[in-house]
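Lettered A, B, C and D in written order, each chain numbered from 1.
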Amino acid sequence: MMDTILTLAETVRAEKGGGLLHRFSFGHVGNSTQAYETEWLYIFIVWVNIISFIVVMGPMFWFVFKYHRSKQATNYQQSASHNTPLELAWSIIPLLVLVPIFFWGFEGYLSKLASPSDAEEIQIKASMWNWEATYRNGAQPHPRDYVKIMESDLEVPLIVVPQDRPVRLIMHSSDVLHSFFVPDFRTKMDVTPNRYTSMWFEAREVTLRGDEGTWYRRLPNGKRDFVGHKVFCAEYCGNQHSEMAAGLVVLTREEYAQKLEEWLNPYSEGMSPREIGEIAYKKRACNTCHSIDGQRNTGPTWKNWYGYEHAYADGQKRMVDENHLRENILYSQKTLVAGYPSSMPVYAGVLKDIEVNGLIEYIKSLSDRGPYKDAPQ
Amino acid sequence: MATIDLGKHGAHGQVPANDDRPYHERYHAAHHFVDREHEFDAVKMGVWLFLATEVLLFSGMFVAYAIFRMMHPEAFINGSGYLDVSWGLLNTVVLLLSSYTVAAAVRHAQTGNQKWLRINIVLTFLAGLAFLLIKLIFEYYPKFVQGKLPGKFFSYPYAENPYEPLFWGVYWGATGIHASHVIVGMGLFAWLYVRARKLHFGPGHYNAVEGVGLYWHIVDIVWIFLFPLLYLIH
Amino acid sequence: MATIDIGKAGALHGGHEHHGSYLEGKGGIWSTIWDWMTTVDHKKIGMMYLVAILVMFFFGGMAAIMVRLELWEPTRAVAGGFEGNILGHMFGEGANLGKSNEFYNRVMTIHGIIMVFLVIVPSVPASLGNFLLPLMLGAKDVAFPRLNLASWYVYLFGSLFAILSLLSYGVDTGWTFYTPYSTTTDEGHVRVVWMVTAAFILGFSSIFTGLNFVVTVHKLRAPGMGWFDMPLFVWGIYGAAIIQVLATPVIGITLLLLLFERFFHIGIFDPRLGGDPVLFQHFFWFYSHPVVYVMILPGMAIINELIGAGSRKKIFGYRAVAFSTLAIAGISFIVWGHHLFTSQGEVASVVFSALTFLVAIPSAVKVFNWIATLYKGSIILTTWMLYALSFLFLFSIGGLTGLFLGSLAVDLHLHDTYFIVAHFHYVMMGGTIIAFIGGIHYWWPKMTGRMYNELAGQIGCALVFIGFNATFFPQFFMGSRGMPRRYASYVTEYQFWHQFSTIGSWILAAGLFLHLFNFIASLVNGRKAPANPWGALTLEWTHASSPPIEHNFEHEPVVTHGPYDYDTVLPAQTKPGDYVLPRPAAGGAAHH
Amino acid sequence: MTSHADSHAEHFDAHGHKDHGHVIVSVATLRLVLGALLFFTLLTVGAAKGEQWIAEVFQVTIPQSINVIVALSIAVVKTILVVTFFMQLKYDNPLNTMIFVFTILTVAFFLGFTTLDLGNRDSIDRTKARYIRPGGTGLAGTETLAITEFAKLQAKRNETYDPHHAHHGHGQGQSITDAGYLPKVPRVGSSAQASRPVTKITLPGFAVEADDDDDAHGEGPAH
């Protein structure tokens, strides 16, 4: 019995993925060194399930067919009401199957949690609804490299990691619970506000670029598909939970080092406030709640916000000017717009001054009553 | 079986109206029980199950206490320092005495001593009241004034530990839920008194006295644990 | 009670089989209503619960349909248009919700809360359990009838709060109320407070029912009925009742602390004040895991009766099934940590993972015993028997896929994905609700005194079975491919499976509606039911009329045979080759 | 759970007339119990004061656990007294005792497992500690990968520790390459609460042969 189980496990494990069942379950082989810990065990349990299911359902259908009352001489039957050896057998044999499954699960769990101490460390700060990565040189993903991984046009951060080198994420949340989930690496970990949690992975293959050197390729149905690894938030965190995504691509070490240098200073010398604002709009994840095209979202749209009168939750109407915008950005709870949830965090102490000024300029540029109304947008 | 009359609303028990014996001698049993003894046993088991739910309700507070004392031991030592052991001790003694009077009340109900049954019920009620008054006047009120309040409302200016609000959260939560149980208990004793006046209790008919008594003992036991855990940390 | 005349319909208790039925009106309409409102009769309370639960099931199901509809498109096109407009008109909070996910999040939460707290937890115990427990034990009522009525009113009162919350735009916390989101969302609104209060109140209803049943089983068994002479239905309800009594108070204190957190910010679950949100998860799942078994044990309990009566055979290994009920009830208290594999420390995770595998054994033992009961049986395929077989099929899938989730390494990948969603729907819906519907069919003649249309029932069962699998099986693949749960919008690659699933949900709904119409038709125009149409041997069939009289039995029953002694009782009353009980065709003689 | 144990006692007792639960406890017993309860109350206060006195006079630090254990033991004794005599479990149907015992057991599970998790958050269990080392990949390193693959990975990792290789990049990226991928040393504060939240998972110098978790603090990088 035990031998059979172990042989089956060995066979599944040696297959190295790519089988029909594997492709059906996962789509493709996971791109990290411990992903296979999950995959082979998953496939093994699938086999255990299929066999057990046949063992249980086969007799059921057979009995229903064989002992249907239309085939019986009487409408009652006498047969054994219990059989101790049989009952012991079907209590103990499942246990024999479960013990190795537990043990392998435990093993794989350790290898997913215990990161090498020389891993490349990336700080991840989760907030509603943004993943903010900080690299060791202080660089953060730059909005110009943001990607669209959902069908909507929402741009989400692109996290880059080096190839063939363990990467450890040190994660914390600034508000509620989140969970950093990379399906392609077959692992996830909750991100909590009161302690650092960590997860690690080691990507095996460099992400190949898609069409025309972008991170996208066209699907047969004409839709855009992101070629890198998708990062999801797996712990429900509110309104835009399903938009709290990020892209993750694996670069060669040289490219990686280069990218980090590039990202070091998001606002370069000589940028206009409006340009800074446009970058900050994405970098500070304003775009998850505020649209610029007039659509309603978690927060009000920024289109034609400046220079107009809006109704507020306290029943008053206010004209939006620079001072008002600044107050609303930094201390969002002071005045709330009618009809929207009060979920905007306080940005005082978070945003730099040039960013606040830039955002105000950017909002002004989106209004047809602003100074930019004639400029091409 | 013959003694059981299946009335329309039989569950209320059968009490013939034109009979001048005391209530507890006229009352037999609800229709789905065989006799009074059977009902007595079932009710007592029900009360014990209810006590189980009470214990588990309080267990939540004790788990919270254990976890946060483990996480922030200094905050708990600091916080406990502000509690006056003597008032806690006095309250413990008051509750223990009331436990005794309840046990005595059950005894007097069993022996049919109506006068002392009533006296013990009243004494227990007064003990509960004393507990609440001591708590309110000498513990809750000063702390309220000084701002030793839970969580966000904590405004005590001389706090030494950033997690002290959490201690007060546990303190107010645990003692507050306990105090609410004391209030409910006092209500029950008032109800018992009214029924005792109507001679509802007697030998073999003291379910209610015993049930309320058991509840009161559990409230007492909770305090037996709360007292050292909150007051005697150092 | 020398002979048990179970065969002849209507022969039981001479001519007054319907005389004094508990369903009989009391004079005028108003006095009848008053009588029902103040009744302490367990049968009437059970029926009122049944109606309320089915109404709630309808609302919860509607929410589910909307959830599936919303997921037809990867973006939120549907909600932004049609449903979003309805919502906008109802609440005026922005007529066009546009890109916002508010609608989806709220409907998803409503679906969860209604289905868990208002439907599945009370479903079997409070309705069928209430109706049947005293009948099966040979008692006149449950131990505390007034407490039973109180439980029903508490349930109504709790539902009222839930409805109030829904009417004020609902909550978006998810049914798990995880902090700190639940303590901060919708600040300044009372919706969350109302919803939490509703769940808190419903806990009392659950405790009252459980407490009542435990005492009833202990104290009110008929003379001659030992512990191992009880029908296994009673064992299942008893196991669930123990869990209800011991676990529900903990959700009480949890929700109370959550309310304190919202009102006073006492900080126990608030990380800003040194509290710990993971502690909330421990508190929550200490109740909510055992309560999973409050949901499934009564489902399993029903299956015992259906399989026994459907195959006319003793339940194989009665004692093993009974003890496995207790084992499940016991182990259910020490496995809650498997809901926290991604949030708790590794020490606890490993311990909980090991314990989780332990709970698989008694569940497996039950399934094996049921299959063995079919062996050499005399099987009829009535609607309820088809439901019992569906249960075995679906619950096996649900149980086996639990192995993935108990295994730590695999769970890190599957946690909070659609795999989980599929798994627990296979257990909760495929287990409890399927058993519940099967049970309603089985006891329908006893409860209402009417037969239902057998053919319609069987078609309904087939639709439900197909629809259910079509809805939830694709979700396993979505989950293993990484589709997280509670997503209002998703990446394009999952669209095919989502649409598959949505279509399945329509088939499922069609099946359920067919059942509803079938039941209504039965009430209006059904054939009168004999006392024992299925030829079963438990006391409610052999000793009570259909529907039972107000005090259940004319004479207190004396138990002379076991609940599944078909092989000894039936031969004593029949010559070889002679059918005392209707054959399948006649058994399904509900339609002409 | 309370089911089968009492099944023998009341197998046919469902409607029986066994006379339990009507024992009348004597006044003397009740007074004796009250006296004992008051005595234990004073004892627990005395013990707490005594501990403080000892600590001050002899200048010793008494661990928190002593305080908790003494206080709780006395509380448990008092509870047993109340439950046995005041609540009459001694004279009552054993079923009720069983309910109480199972309740306490449930509370114990609740408290025990929750503490097991939240009390062990900052410690690393030994099984895991063995794999936390430079170049460690947990169990995956030795078992799932083929030997050659493992060796290849191992070689690559060693590379990163070679200062010569660190400059092989494209010349720029000074700040990264200078760091040479050396593990950054996280500061772990001394006071448990000041440094919260802390994670000790990749403490450098968490040597393979480190036996005790707590010894691993504050040592320099392993290389």
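Rule of thumb we're sticking to: a contact is a pair of C-beta atoms (placed from the backbone, for glycine too) under 8 Å apart; a residue touches a chain by one contact, two chains touch by 3 or more.
Bear in mind that the values here come from a model prediction, so they are computed numbers and not experimental data.
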Most central chain, Cα average position: C
Taking each chain's C-alpha mean as its centre, the one farthest from chain D: C
Chains most often in contact, by C-beta pairs: A-C
Inter-centroid spacing, chain C versus chain A (mean Cα positions, whole Å): 33
Mean-CA-position distance for chain D and chain C (Å): 36
Centre distance in Å when chain A and chain B are each reduced to the mean of their C-alpha atoms: 50
Of all residues in chain A, the ones touching two or more other chains: 37, 107-108, 110-113, 194
Overlap residues in chain C, where contacts from two or more other chains coincide: 218-220, 246-247, 250, 275-276, 278-279, 282-283, 346, 350
Two or more partner chains touched - positions in chain B: 38, 41, 45, 49, 52, 55-56, 59, 63, 67, 71-72, 75, 162-163
Touching residues on chain A, where the partner in the complex is chain C: 24-27, 37-38, 41-42, 45, 48-49, 52-53, 56-57, 59-60, 63-64, 67-70, 72-83, 86-87, 90-91, 94-95, 98-99, 101-102, 104-113, 149-152, 175-177, 179, 181, 183-184, 186-190, 192-194, 219, 223, 225-226, 230, 232-243, 245, 291, 295-298, 339-343
Residue ranges of chain D touching chain C (in the complex, touch as defined): 1-4, 6-7, 10-12, 14-15, 95, 102-103, 106, 109-110, 113-114, 116-118, 120-121, 123, 125, 128
Interfacial residue positions of chain B with respect to chain C in the complex: 1, 6, 9-11, 30-33, 38, 41-43, 45-46, 49-50, 52-61, 63-64, 67-68, 71-72, 75, 149-153, 162-163, 165-166, 168-170, 172-173, 177
Chain B-touching residues of chain D, taken from the complex the two chains share: 15, 17, 19-22, 24-25, 27, 30-31, 33-34, 37-38, 41, 44-45, 48, 51-52, 55, 64, 67, 71-72, 74-75, 78-79, 82-83, 85-88, 92-93, 95-96, 99-100, 102-104, 106-107, 110-111, 114-115, 118-119, 193
Chain B - residues contacting chain D, complex: 34-35, 37-38, 40-41, 44-45, 48-49, 51-52, 55-56, 59, 62-63, 66-67, 70-75, 85, 89, 92-93, 96-97, 99-100, 102-104, 106-107, 110-111, 161-163, 204, 213-214, 217, 220-221, 224-225, 227-229, 232-234
